[in-house]
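Which chain is which? They are A, B, C, D, E and F, in the order written, and residues in each are numbered from 1.
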């Protein structure tokens, strides 16, 4: 065991945990004030549920010994993680539990990412059911495909080992996966009332920018932590994660400037996320110039892609498809072009004399995850919609999902300006204070 | 001249604005309000303590109009704001003694 | 010295420092808009004062060589920390100053935790006096009891060494301690005007959720950092901290769903904190299944406990008692049941065949801190109230403590919607600009 | 290579990256609601642009082998960083790329710091041009002067090596540099319309406090990370960074209390930043008592200094001069008095028997950077103003720069209270939804 | 019909609402306002610069009432809003020509 | 007595307040409003989708005045609110039947 490697992975895992609240802010600021809480609750619900499932059987399904064709880990092997606490139980140079924790937060985040597509209109209970089923049926297997590497006496997933596609930190397993699921779910749930006609502008852009800042911060753990050691590979991934994101901000802002006449703050925040998504699979495969190219192209591509939903008429509310699916595809495929054997992954892409060998592997890996995720998500979503119901009542949607599903209001500025905004409120019923108790004001 | 004041449901504002525009009204003033009436509020729960929120968000629309138009415009507003459900709001009219356009200092109907 | 261990502890200390601003947000969002700044200032005041006191004599009182019965460290031994800067000065595998820093932020946070109970009504100056006295008289000694372990030529505290209660990261020293102090202080200060009758709903729930997110993030440093090394113990603590929190979110939300009909965002944020509190003493003593049990029960218990104040009629404004005292007691006692010798602490509780031996130690430790803290806090609070005055004037409370005590407003949205909300403002008097200076607009 | 050192530096670099979004919040909360986005965008613009420039030639200009008199590194040496990815490429005990990343975020932050001085009135495009030119002409060289230390076969900067002024983490290179640039830019751009007469109070103080919290957190990476190893030096820097900041909060609040009658939350946040600035150059040169003195004096001095702008009539909107220039000067010069050879830097100042030797070095270093930065910034700013125009049209300034420059509004609370605040909005033109698509509400 | 407009202190809103409800008033409309008058504002200090905030938060209550009730209702509002301290506010009454209930289109007293 | 209502540009509020104060008006009530009229709104762009924001922020000023002062006061408000550019707003006057000072219960002009 190496204490430095362990320190870096525990740190990275903590960073990645913070990404889910960061995402909740990023998404939450983009919806209208009347649905900010529900938007954030989809992330917090994932934090609750997936954390528990991961410990129970998720880790085992993803990283248990393969039970067939590189498709699934043995769900029973590490059930409850009971056997992984021993001093000697290592995963490479890490305590076994450090790796368990690091991977747990990936699972949580991936589920939470999907929620941005279905803002304002999904029953919270149904979302929780979906989150549990989807992580079990879609994420845990795909994580096995991509992240479980063969070792002595251990067989891992088919994409990582048989196909040998490069996905350093989850361009396929996380972003294409979540993006494809988002698209399927949007088709199942349908559009919000008033989509494309009524004002649905972000209610709190500083919150969006804060969320983007926390995501970027956390993403260093996501990408550089995926080295699972604290050394050169992590350092290269770190710098590439920085510069691709910087470049993507520029790419998105320039696109806006030329197309719309204004560089916007939502554009800067979105560009940052687009760059982070795209560099995720590639951060240890390219050099910093390659990272700049991946980033700037991600900024431009995603800035263009988010307009598609208006043209095609699907209500991907916060552009999970436009940013995560498109950005994830671009980053994954870009590895096939821009990988250089001087980078830690040691593979050359088309532009560095490696021919199309790596390129086709990247494309196959990307498409496999895309199709698998899209189809299964569509089935899961449809079953939930047909049984317990997934979509909120339209009346309730107009009233506001926070009030209807969570019986709360995001904000009450009232006492500042006069107290009446949104109505006065008083504690009633169940927990009313005993009326006879006098107030003390010593 | 008359002042028409309408308290309506927020999501009907766009309809009312369009209807007035079609009729030829060139200006209006809008502000936020909260209503208390037959339409009940809702309940919120914070750490198990229930709060009754008994005020409902409303929008106030004010239009200054010429005497001859007032009946038509009341009609236009009522029609466009109607959903038929409790809480649709009120429209009332009052006499106005004078109106001035600040920019030019014009008085009376010319100021509308 | 081990660079990996040092890296992890410096990182953890930084994480824990961030918890206090996180707490300020968590608490600040829960009060009404007119007292958000005062709420946050109680935390920032603690950041200012306790940091300095810790360096002057706090560290020495907590970790100086025992001066009597395991009750107190020698306050003079490390006064000003001057002697701890040398290269060779180690604390285990860490530079001495790394441990000093790590423990400093615990002291700050514990004081800040108390403030949630007395929202809206404590004079800021009196709070600062209280913070200084309380940390000196209550926290530094209790930290010695719980965190100072005997070593060669060094005698530590009675709970850690004589009683041998397990409190890995501060269930007693931090949470029971702060919770009991909160209860005492609430009894001294009395209820807010309108408590139980007037609307006192949270003014900014996204801010509460952000605060909860930062707390969770920081808590990994709090718990896993308490291993003071970067290895298996830290990794186990990390995973238990994750999963207990996840489970507590579920526990709180399910309780709400069944009792009130709605799962709320305040519930998710509160559940997370409840789970974090409860796993704090236990995170290296139980396995992940034990952590799930501790978490889910913490969520349920605390969700029920926060209603007590209405029944019993004490105004624990933001439920410091309901969450930190109840959660801290539960977690500390749960160690007596759920500890397993396969976990790093190596002790078995009742359910794992260890009998009641550990259980009674846990109970005694918990009660000792509870009683000590409650009694001393009541005395300190009463003396301050009778001398300089602790409670704000009721008129001022109605006006809003931010305006009265800090001469500030939390928010001014005015210029957006017309500029008049809450009044126009203009700079006057002392710093008015020289009137003759013309404006430049090049 | 040392994995522990690497872990700490990658962590520190991530912390420092987070400082720029933290700064965006700190600054953003202080302006009026109508310019919050532009304020934040100046930081996000720097994140985009400087990240890319650093990789292209910035690192090389700062840390390339000296090309003349300690004034500049060779810009071509590491162009694009292509050669730095190899396993064996070390910078001390770190992978070369870890050091590159750590220094990158310093460059970004320094540029962003300047923006606080020119709130509400700078064209965004002009700001981006300024940011690129300033970092190239001013920051990269100054970073070379201060941070590039001679080594075997490598020649660094004149302040670090020839002058041997102590600037552990950037009191001169970052804070005096940014502060002097801020002053110059303010003189070029002129005052905001209504400065000193109209209300310009902070629109969101909780956001300011959140920003201060994130800055403090990140600053542990900034200061303790500057040890570039994970050991005693880092630990001492960590503790000094904690306690100086705590003391500065107290210093600022006490100044306010005596002068104005109230301790404010803006004061606490500002005091924290003042303390952080002042301890930056000194954090490895003084003992904790010295750190307390530096901190408390920084709090008092800066609290007094922020009033100067009203007296002298320059509109340093968010007090970059009063906090960063004054705090940076104080901290840099304080090293000359308070340095003690028992601290890691091993140098004694005037009060510890070292005479004035170190003191004059500190003064010369500080003044050199101040003058260089002020003059060049004035030239750059003037050229931009005379060519493309830097200052926003006054009409647009009154309307609000967010609307004019970014075509966005920071907030829309509308749907809560009635929907009309600031106007209704509807998607139009280019991306309007196909009108024939019916809404699905399954 | 008449329109009663009251500018009151925010924390008296609940009392006014209850008093009107007891009297039998079934609906009212509320909005935020800021007052300027004998009641002084307060001072704020940001980084040592003082700001005089000269507007005081108020709440506006509007009630449409039948002619016969107006005097009683003015009395009810004044009583329930009174604290006896400067800044309690104003109540004024105006003539209203017509009122319409949007939901039903009813006019006049029936629309109240 | 009369009620003067003015819808003005937010940044003219200070001027109007000062002018009224100089004239001797002792109190007024202010609230936020949004205007729709000749003055156009602006366009915002979020991820490439344009939004037309067609309401413009305004401030409403209400002053209760004695009958004899009304013409002067209208003049004062119009002058002080004028910029000469579109969107300067409207001022209108209405008859008020009674005014009460809540604090004292005084009626009529004494209540102003």
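Here are some notes:
Following the convention adopted for this analysis, contacts are C-beta pairs under 8 Å (C-beta built on N, C-alpha and C of every residue); 3 or more make two chains touch, one makes a residue touch a chain.
Quick caveat: nothing in here was measured; it's all calculated off a predicted structure.
The set of chains touching chain C and also touching chain F is given as A, B, D, E. Two copies of one chain, chain B and chain E, form a contact in which under half of the residue numbers belong to both partners. Two chain pairs, A-B and A-F, are weighed by contacting C-beta pairs, with A-B ahead.
Chain geometry summary: the mean Cα position of chain D and that of chain E are 50 Å apart.
A straight line joining the Cα centres of chain C and chain E is 44 Å long.
One inter-chain figure worth recording: chain E and chain F are separated by 18 Å, centre to centre, where each centre is the mean of the chain's CA atoms. Contact with two or more other chains is made by residues 2-5, 7-8, 11, 198-199, 201-202, 204, 210, 230, 260-262, 264, 266, 307, 310, 407-411, 413, 415-417, 420-422, 424-427, 430-431 of chain A. Shared contact sites, meaning residues of chain B that touch two or more other chains, fall at 11, 14, 17, 30-34, 44-46, 48-51, 55, 57-58, 94-95. Interface of chain F with chain A (complex): residues 44-51. The touching residues of chain E, counted against chain F in their complex, run 2, 6-8, 31-38, 54-55, 58, 60, 74, 77-78, 81-95.
The touching residues of chain D, when paired with chain A in their complex, are 1-8, 10-11, 13-14, 17-18, 20-22, 24-25, 28-29, 36-37, 40-41, 44-45, 47-52, 54-55, 80-82, 85-87, 89, 94-98, 100-101, 104-105, 124-125, 204, 207, 210, 230, 405-417, 424-427, 430-434, 437, 439-442.
Within the complex formed with chain A, the residues of chain B that make contact are 11, 14, 32, 34, 41-46, 48-57. Residues 1, 3, 17, 26-32, 64, 94-103, 105, 111 of chain E are the ones that touch chain B when the two sit in their complex.
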